[in-house]
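First chain written, first letter: the chains are A, B, C and D, and each begins at residue 1.
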Amino acid sequence: MTVTMPEVSAGEVQTIVAARRLRHTKTVFIGVGRPSTAALLARMVHNPELILVYESGTIGAKPFHIPLSIGDGELAETADAIVSVPEMFNYWIGPGRIDVAFLGAAQIDRHANLNSTVIGDYAHPKTRLPGAGGAPEIAASCGEVIVIAPHAKRTFVEKLDFVTTVGHGTGPGSRERLGFAGRGPTAVITDLGVLEPDPATCELVLTQIHPGVEAGGVREETGWELRVAEELKTTEPPTDEELGKLRELLER
Amino acid sequence: MTVTMPEVSAGEVQTIVAARRLRHTKTVFIGVGRPSTAALLARMVHNPELILVYESGTIGAKPFHIPLSIGDGELAETADAIVSVPEMFNYWIGPGRIDVAFLGAAQIDRHANLNSTVIGDYAHPKTRLPGAGGAPEIAASCGEVIVIAPHAKRTFVEKLDFVTTVGHGTGPGSRERLGFAGRGPTAVITDLGVLEPDPATCELVLTQIHPGVEAGGVREETGWELRVAEELKTTEPPTDEELGKLRELLER
Amino acid sequence: MAELMSLSDAVAELVSDGDSVALEGFTHLIPFAAGHEIIRQGRRELELIRMTPDLLYDQMIGMGVARRLVFSYGGNPGVGGLHRFRDAIEHDWPRPVEIEEHSHAGMANRYAAGAAHLPMAVMRGYAGTDLMARSTVAPITCPFTGETLTAVPALRPDVAIVHAQEADYEGNVQLWGIPGVQKEAVLAAKRSLVTVERIVDKLELAPGGIVIPSWVITAVAEAPGGSRPSYSLGLTDRDNDFYKFWDKMSRDRQQFTEWMNENVLGKELSKR
Amino acid sequence: MAELMSLSDAVAELVSDGDSVALEGFTHLIPFAAGHEIIRQGRRELELIRMTPDLLYDQMIGMGVARRLVFSYGGNPGVGGLHRFRDAIEHDWPRPVEIEEHSHAGMANRYAAGAAHLPMAVMRGYAGTDLMARSTVAPITCPFTGETLTAVPALRPDVAIVHAQEADYEGNVQLWGIPGVQKEAVLAAKRSLVTVERIVDKLELAPGGIVIPSWVITAVAEAPGGSRPSYSLGLTDRDNDFYKFWDKMSRDRQQFTEWMNENVLGKELSKR
């Protein structure tokens, strides 16, 4: 069945793996880019009832095209409800009504804390990044967080240049001390594999590798001594349906 | 001109005097009953641009009929904008966007503080009244407050049984100490005359009597030693237009 | 997702003796049908929460449903007092009712804090009044300006019940006209029931329409005319005459009881 | 009441050098025409406030309008970074820009507090992040539960500028679609300007329509297409290609300057 398909890119696998995570999710909070594509794919393949929430205030959007911005007209036109930004954060995100949030980051550390603010010194940055946006409160309050990031040493770092968003802080108990209601990051999905926090230490562990990837290669692309799970799984290859629908979506 | 009109009631004069106060007002906050009638009359006779705001959230309502409740359908149907109750109090009343508020009360003291909560002891009341509603924050924040009340000893009392709403507190400086932005009560319009606070002491002084009323009679109906202004004015009698329009309004 | 249920099943499932229950609707969209069903099912010891008790809570209090009342304005709008509310507070009839009272601004902010699942909201209010001592508010200092503001504790009812114009078969709800604090009440409560005038195939966003998605609602029940004698803008009219009638009729305990027996208890809920 | 003015007169009258100015619009209804007029009129030393600086502030910063920037997300939505924003922060070009940054939740609550004329809002947020130290927020304790929450100071800009679909001749404004924080920005500011796609005889409440009454607005100016390359739902479409084009073109200082000279400075505002 899969032989008819052209070669699968690492980015496609990453998107497909992210979509699979939404199989039993009721509501997902998504930004633009790969997370948005993954959520749309999940609605097409795994979970047609999945409710998409964008921070622009569109609740239950059903876009046919992958939106460029989180506030594209199609999101507003297809939403079940549209609310103001204060309402979105105060009544919807803050109370933890959203089950899963997809977040990206420029840097991520071993406890899944995220930096999307600055590379280098804050006052004299090497690279000024966009900043926090909704991430800190989304990560604090949503049921769980799934991070989507490219796997590279400059992204998976020993120490963040700036803590924009708390994942598991300094380890067990951090989130509780900060009063966070959500469970925090439960997975980091990269183009090489999946990292999940060790329940005991909250440290990210490589639990899954995509087809054709070696654990050693993943460790090389990680800026800390990445632990590898004893039972390392290999990602099930994309099905024809997944890949077909993904490509259909990207071509719309 | 006025000879053609049937006899004028004290209540009619009270309503007409209240309406005149809105001649140069941009926005008025009104409850139901006489205040609402006065504001509608003002729109008909003195100030067609007057903007009516009801605590139900209807901003710029233009009812043809006197509404029974502050949330009648006609208010919603004719409003420029409708907002939620939290928004009404937080974004519209609190910031002092409303110039004049009409308030009623079961008891009023010499500093124009109001009781609409209870007559007698709080725990074992003689008469349980409806309670605060929007009054405390309306009186604190609106540009000025005009109280509309029937003139009787049981209403104009030496000491309130319960301070529901602060008018001028214990006198000069009270409002400033409480952080109130509005000027507080500027007039109490009764069926006998008009009381206004002395600028120096904030104590209500009789400044105007309606036609046919004697200052002595007003003092008798007041529960404290009511001061009478040196230059006591007499209310200009209702014009044909005022009375005609008022009766037209009441008959709709 | 909200479950579509009959009103009687929904009340049976969602409302238990001793619960704190908020039936909201500011003049408009007052959920009378649901309140009557609570009376019929004989619920007791409820903490009833509502900005404006209105005739609905007058009826529920008079029928002995309430142990406690949380409110900000207990009048018959435009008409006068609420006689059953007064009789309960003044003479403990038919039973004593504990009260906690606020201002409208305070109640509205308490619902908003509840909808945000925050423990409190800050506002300017209550200052200088005797309400401050009778209520459950506290001063709080702004760390930036030093100004003393007022903190009000969040409302988190066990159940919120509101009425709306329509829902679709998936339980998404739309209301328009005066929105009051209905959305806040639903979002603040642990469980929620929305009664609606009608169920439609597809919600078309109405001018001024507010949509509450199905997935934050526990149950939706069809109840045509369910806000009478209040109203559902565009579908039913406010029965102002009934509000005036109530003022006269409800002064007398026996007349009230007979009226309720005949018009509420005696009415089997029509099967749907 | 809002005064109907030409856009150039409105900017000349409302925006002065050194003002704090919030041009809001969350992806949707971004007031580009007004921002361009500010650039054309040569305003300097502005404190620019905006949740998402977007291309508009990238242009204004690149043209040297801003002394200070208050924001929560400085990206080109769905595309990448903002090169003029980065160049100003990284290399002080064309001039140094002081920054104050927040989270979206923080900025939204700051506007809401501003609209309420309160000195602050309370929320859960910022906790544990390095933003806490770089921002202007403070811990605050709930007097009821003892929980440590975060207080954010109110935003009260000198001027707020937003774009909407339509206004009537009395200056009442209606917008629909994603409402962002536009209403809050207008209500929080000392002065406000609303640019609109069209002026109509009478506003008809639209599905999802939000009306801002004339009497809380300072000026209304007609500016058809005034939100391009952003959009005005129902009337214009978002020019996603332009957002992608901007990413390439604006990397180079000279290209940027030439583009602005030709497309913004060179464009006389069409007479209306």
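Just a few scattered comments:
Criterion: contacts are C-beta pairs under 8 Å (C-beta built on N, C-alpha and C of every residue); 3 or more make two chains touch, one makes a residue touch a chain.
Here the structure is a predicted model, which means the values were calculated and not measured.
By number of C-beta pairs in contact, B-C leads when B-D and B-C are compared.
Mean C-alpha positions place chain A and chain C at a centre distance of 40 Å. Between chain B and chain C the centroid-to-centroid distance comes to 28 Å (mean Cα coordinates, whole Å).
Contact with two or more other chains is made by residues 90, 94 of chain A. Among all residues of chain D, those that touch two or more other chains are 112, 116, 118, 123-124, 147, 183-184, 208. Inter-chain contacts occur between A-C, A-D, B-C, B-D, C-D. Against chain D, in their complex, chain A makes its touches with residues 32-33, 55-58, 67-73, 75-77, 82-86, 88-90, 93-94, 117, 122, 125-137, 140-141, 162-166, 169, 174, 178-180. The touching residues of chain D, counted against chain C in their complex, run 116, 118-124, 138-140, 142-145, 147, 149, 151, 153, 204-209. Within the complex, the chain C residues that touch chain B are 26-28, 51-52, 71-75, 77-79, 81-82, 85-86, 89-90, 101-105, 108-109, 111-112, 123-131, 134, 147-148, 177-181, 183-184, 208, 231, 233, 237-238, 240, 243-244.
Interface residues of chain B, counted against chain D in their complex, comprise 26-27, 51, 59-60, 80-81, 90-91, 94-97, 181. Remark: chain C residues 112, 115-118, 172, 183-184, 187, 210-213, 215-216 touch chain A in the complex.
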